[in-house]
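To start, I am sharing the structure in question, which I have written as structure tokens.
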Amino acid sequence: MKNTFGSSVALTIFGESHGAMIGGILDGLAAGIPVDEDFIASQMSLRKSVGEISTPRKEADDVRIVSGVFNGRTTGTPITFIIENQDTRSRDYGELAYKARPGHADFTAQMKYHGFQDFRGGGHFSGRITAGIVAAGAVAISALNAKGIKIGTHILACGGIRDRFFGNISEDIDKLTGLPFAVLDDSCKDRMTEVILAAKQDGDSVGGILETAVCGFPAGVGEPWFDTLEGVLSHALFSIPAVKGVEFGEGFGVAELRGSQNNDSFRNEDGRAVTATNNCGGILGGISDGMPIVFRCAVKPTPSIYKEQQTIDMNTGEDTTLQIQGRHDPAIVHRARVVADSVTALVLCDQLALRYGTDWLAPNNE
Amino acid sequence: MKNTFGSSVALTIFGESHGAMIGGILDGLAAGIPVDEDFIASQMSLRKSVGEISTPRKEADDVRIVSGVFNGRTTGTPITFIIENQDTRSRDYGELAYKARPGHADFTAQMKYHGFQDFRGGGHFSGRITAGIVAAGAVAISALNAKGIKIGTHILACGGIRDRFFGNISEDIDKLTGLPFAVLDDSCKDRMTEVILAAKQDGDSVGGILETAVCGFPAGVGEPWFDTLEGVLSHALFSIPAVKGVEFGEGFGVAELRGSQNNDSFRNEDGRAVTATNNCGGILGGISDGMPIVFRCAVKPTPSIYKEQQTIDMNTGEDTTLQIQGRHDPAIVHRARVVADSVTALVLCDQLALRYGTDWLAPNNE
Amino acid sequence: MKNTFGSSVALTIFGESHGAMIGGILDGLAAGIPVDEDFIASQMSLRKSVGEISTPRKEADDVRIVSGVFNGRTTGTPITFIIENQDTRSRDYGELAYKARPGHADFTAQMKYHGFQDFRGGGHFSGRITAGIVAAGAVAISALNAKGIKIGTHILACGGIRDRFFGNISEDIDKLTGLPFAVLDDSCKDRMTEVILAAKQDGDSVGGILETAVCGFPAGVGEPWFDTLEGVLSHALFSIPAVKGVEFGEGFGVAELRGSQNNDSFRNEDGRAVTATNNCGGILGGISDGMPIVFRCAVKPTPSIYKEQQTIDMNTGEDTTLQIQGRHDPAIVHRARVVADSVTALVLCDQLALRYGTDWLAPNNE
Amino acid sequence: MKNTFGSSVALTIFGESHGAMIGGILDGLAAGIPVDEDFIASQMSLRKSVGEISTPRKEADDVRIVSGVFNGRTTGTPITFIIENQDTRSRDYGELAYKARPGHADFTAQMKYHGFQDFRGGGHFSGRITAGIVAAGAVAISALNAKGIKIGTHILACGGIRDRFFGNISEDIDKLTGLPFAVLDDSCKDRMTEVILAAKQDGDSVGGILETAVCGFPAGVGEPWFDTLEGVLSHALFSIPAVKGVEFGEGFGVAELRGSQNNDSFRNEDGRAVTATNNCGGILGGISDGMPIVFRCAVKPTPSIYKEQQTIDMNTGEDTTLQIQGRHDPAIVHRARVVADSVTALVLCDQLALRYGTDWLAPNNE
């Protein structure tokens, strides 16, 4: 399968940046889950471009659900989300049809689709396709919330400015919920905005790091090999455009630690096993241990920059130069954050359904 | 599926640390590929414990192929590898049967398998199960090599000592091939050995980072969403016990870069598109670009340490302390290296078969 | 996965009989395949109700492709088909909301979806959902035709009237192409129509048998175990609503034969191996032998009949009676025929892509 | 995946008729299920050749479990079954190495594996490979039995002699349990044996039909499209060598019925919905209705016959004749019966785990 992820709960996405519609089909979610269209809209708004630090392309991103919801609740059958593309500038794509933009998928698309790909605005590779993930993810997040499972992502780093790490995870997630620019330390917002605008000024862009936490997730979910919780989550997270690294708990920091520092000791807390530290990010042997699941994603700087770049002409194979025009984001990390929440929610719904059955997420099966 | 990975070329693994046998079934590999049992044995020896810096448990690790090979070549049907466990100390496991070792999967196994898991030596969670991956991986590596695709992994970091990064990748891979302690800068071997022995002296352990490179891999393989090459590789790589982070190309370093620094510009080199830098690690939009695929895995320090640790009694739920005895590795990163090569080879064989068909890896289909 | 079928080429379907839209996403088809909207429309028309022998519900069934096609050709990325429901009578469903119609999925839907299913017109279980299969199947059929692979299905039996078996398969398929009521012996059309109308007169319905043949399919496709060509085809064919049996070649007739009668002897014909008979239906050991693939599907009589039936009230569990009103088909076999062609084409495209790679169906890779 | 079936509970099989070992890995079964090696042995004995009506090849078929069972119970991790091949006659295969036996997979194997397949005794295509299915199936059957789900298969037809259909299914299954030659009407045994021996006398073979019933299976399991219970069962059942047709309930008989005859009316029986008839075979809309699941498999006559047959030389492509020697079964239907039970049990365990979670089959989760 190519544009489908999940086994018991699965999402299939479709669309191109400048095609007629984008969207997705979410299949396998339990019947009876309330679908809150306002919440979907509010999640979609977190993905939208905001002010100066994003692309001037404006899309209403109105999500229409055309199947799988009846009387405001999931039916248990495929939920289809469609979103019409509106602000697609009808213009001559000119050299973008054959010059490979560095950092973009133009060249690899050419090698895979032999020139038949829809190149307009990145086509199917566009970050715009994440709108279908966010719409589906909103339903998944609601379902998880109803079971006491919360997910939150903040911008840990952007253009060299770092936010604080998660502290009291439950409170931090509450703080992040609905926040347009998701940082834990409020002072980061202005400082990050500043570096984004400075990059924009230079016709350039900046990258960052997202940190996600999940609390309330039960222990005993995941597999020891291959379908480890880390493996399944990372598999999906690398679909967030621009993500080039995923690490759990202490992540790459483990290289500097000794076992005696890295091991999380257990203790009994009110009849439940907890760990003193959470260097493992809530996952041991591929299986959840009941502590918060914590991971980070590295997000590369937007490849669309306004500086002249060396590249090749894909028709002739010859060297050439390219000067990108058009509407682009000087940073994507703040918009990718709701995509991280959404991907996480979808993967966890699938894992829970596989472990506890397809009805577990239904409202009356708590 | 749980202990199976891959779609067209798939590996299923089985076994427990102290069970009768461990091994795996490799299915879907093209017919006619020569199977070199000496190469399998040499790959297995790279996984074995070596000298002072590894566990004193010694296993012959003789791999027996009981199906799927006929007249020295693959038949196209499942190849089954079995390895008998020999050096399993028949003793009283005592408190290890019910005390959760910090950093290990004992507690999560209990939550998943409700006490029926084979707890001896970590059971199915043991790093020993990677022997089946290495045996199957050896066949996959041979098949790839015959097509001009080479894979190499080195210990980029161990206990604070860092090797140099890959330079001339093809030459570096040749240098690493068959090297028992895989570093690019020879001087690292002694320095890393020293920190491992120092940790051992303290009853402690150290972590590290593995860096893997693949060269000769064709452009145009992978998918734009979900089954991105990064996603599929990371999914499998997180099965290597102790891996807590995976990053491609510049990885987490992208957070510090601007787009103009991170973008890899294209140029024509002898009629083929190449990039000036390889910050993307050979993957753009989830699809290979024909440049070397480069990634790094963070490996946590071995959780089996000899210091007293706080934990819980899983039968009673009460707090207790634990003093691990037995035979353990003060570092695992050098032994995990051949597992990284093997996992990579298996994933790439699957991707190539999906892309170009099940006969592509056969000897006469170059 | 639930509403998705296929591995390399996969279809996901969605929708409910009286929802806003129905349709599907076809993913994984090679880039560059011409998409002929007229052919799609003509295939859709074969699925539509015709004259007296079908439901009076009339749907335009205009298929809109909203992704995956660019400049008239497949892009290689997901192709999304949407069809708006129009002729949905806005009325009180009354007792159909809680009385289980015998032969329908009302009761089993209740057991699976706990009352949250969309019950209107059968909801997601409606035969109407096959429209998405036929739209996607039309693209798959075109792709196969371009490679010299042809598929045809005829009504072998309907209400006791039997058509002749396939004879010269290539010619017979040509004859069937585009035929609104697909029989090989022209005289069957009137006789079958008669029995259908007689059943309608009685407020009753009739069943039948479809026979499908594929010619031009290469030898060597399929797997010896589990993913046998028979297994994969039957898996998908049982999704055609009302299909209760699938048999290949001589099928259930093999029970009456001796090996010497059933074995298909080989001979050389113009340098190619052919068999004298085709009792195996073109499949031996789960793998195609290059002869026509032939199979039959048993189609049960439409369960919606106008006679009073015994059933239960799903709210109270009590016995009750039911008198179905509304618009229904006295036979479905003639409309199911194009669905059989479509399902077959989709499965075979997937098998070919798995065997020969994702580009095999592309126009320039013959 | 090729030699793997199942999603949550999955079986992977391996081996060749004359290789070192055959067997399988059963993954995903709940932890804590008692494994009765005597029951496995008794199931294996039902698959063995018996007396005059089977091949004289005798195999001990001792099943050794080398992983996944600890203290007599499943651990929840992969259960590996190995069976050594013993009675493999070391001889010159002569013309069988290159002459395609009619009705066998020799030719299709050649087209798929290009001559590298292990041709000895049918290699991986041999019915002998079902031993791994039966071993794994025995564990699955035990697990289902403990939950009140029973499975039984009888020889409905063999060489023209027909057994009675299932009547009181629960009692009939009890009667069949452990019966070496599984017929419901005792008088059939001798009559069927007679026709088998008559065919043997003629150097020929006979086919038959197996009928399987499952009782105690809960309502609400299966999917409306693609993963219908019929689709998933048939997918697996066509892996039983020689099966060429699968039908559920009334099966192909539906073609002769009217809706009013075929519909199964519901009624309340002790607070539970039951149907008056079971023409749907316990499955409506792809989902179980709580009534017995009933289906039939057509089994072709053994293709190994001793009469001279026309065929081709696969090396030269030329016409030739073939006179099969060696040890063969004049009928396979009686030996295939336990394979049908096993396949059914494995599929149903998977379906139950997908629907109700991976712990549902565990002993303490009733």
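Per-chain numbering from 1; labels A, B, C and D assigned in written order.
Methods note: a contact is a pair of C-beta atoms (placed from the backbone, for glycine too) under 8 Å apart; a residue touches a chain by one contact, two chains touch by 3 or more.
Quantities reported herein were computed from a predicted structural model and do not represent experimental measurements.
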Mutual neighbours - chains that touch subunit A and subunit B alike: C, D
Most distant chain from subunit D by Cα centroid: A
Intercentroid distance (Cα basis), subunit C paired with subunit B, Å: 45
Where subunit C and subunit D are represented by their mean Cα positions, the distance between them in whole Å: 27
Euclidean distance of C-alpha centroids - subunit B vs subunit D, Å: 37
Per-residue multi-chain contacts in subunit D, two or more chains: 1-4, 7, 13, 77, 112, 124, 224, 359
Contacting residues of subunit C [partner subunit A, same complex]: 1-4, 6-7, 10, 12-16, 19-23, 25, 27-28, 31-32, 64, 66-68, 70, 73-80, 82, 112-118, 123-124, 359, 362, 364
Sites on subunit A touched by subunit B in the complex: 1-5, 13, 100, 102-105, 107-109, 111-112, 124-125, 129, 157-160, 199, 202, 204-209, 219-228, 230-232, 234-239, 241, 243-268, 271, 273, 275-276, 279-281, 283-290, 296, 298-305, 307, 309-312, 317-319
Of subunit C, residues touching subunit B in the complex: 7-8, 77, 224, 354-360
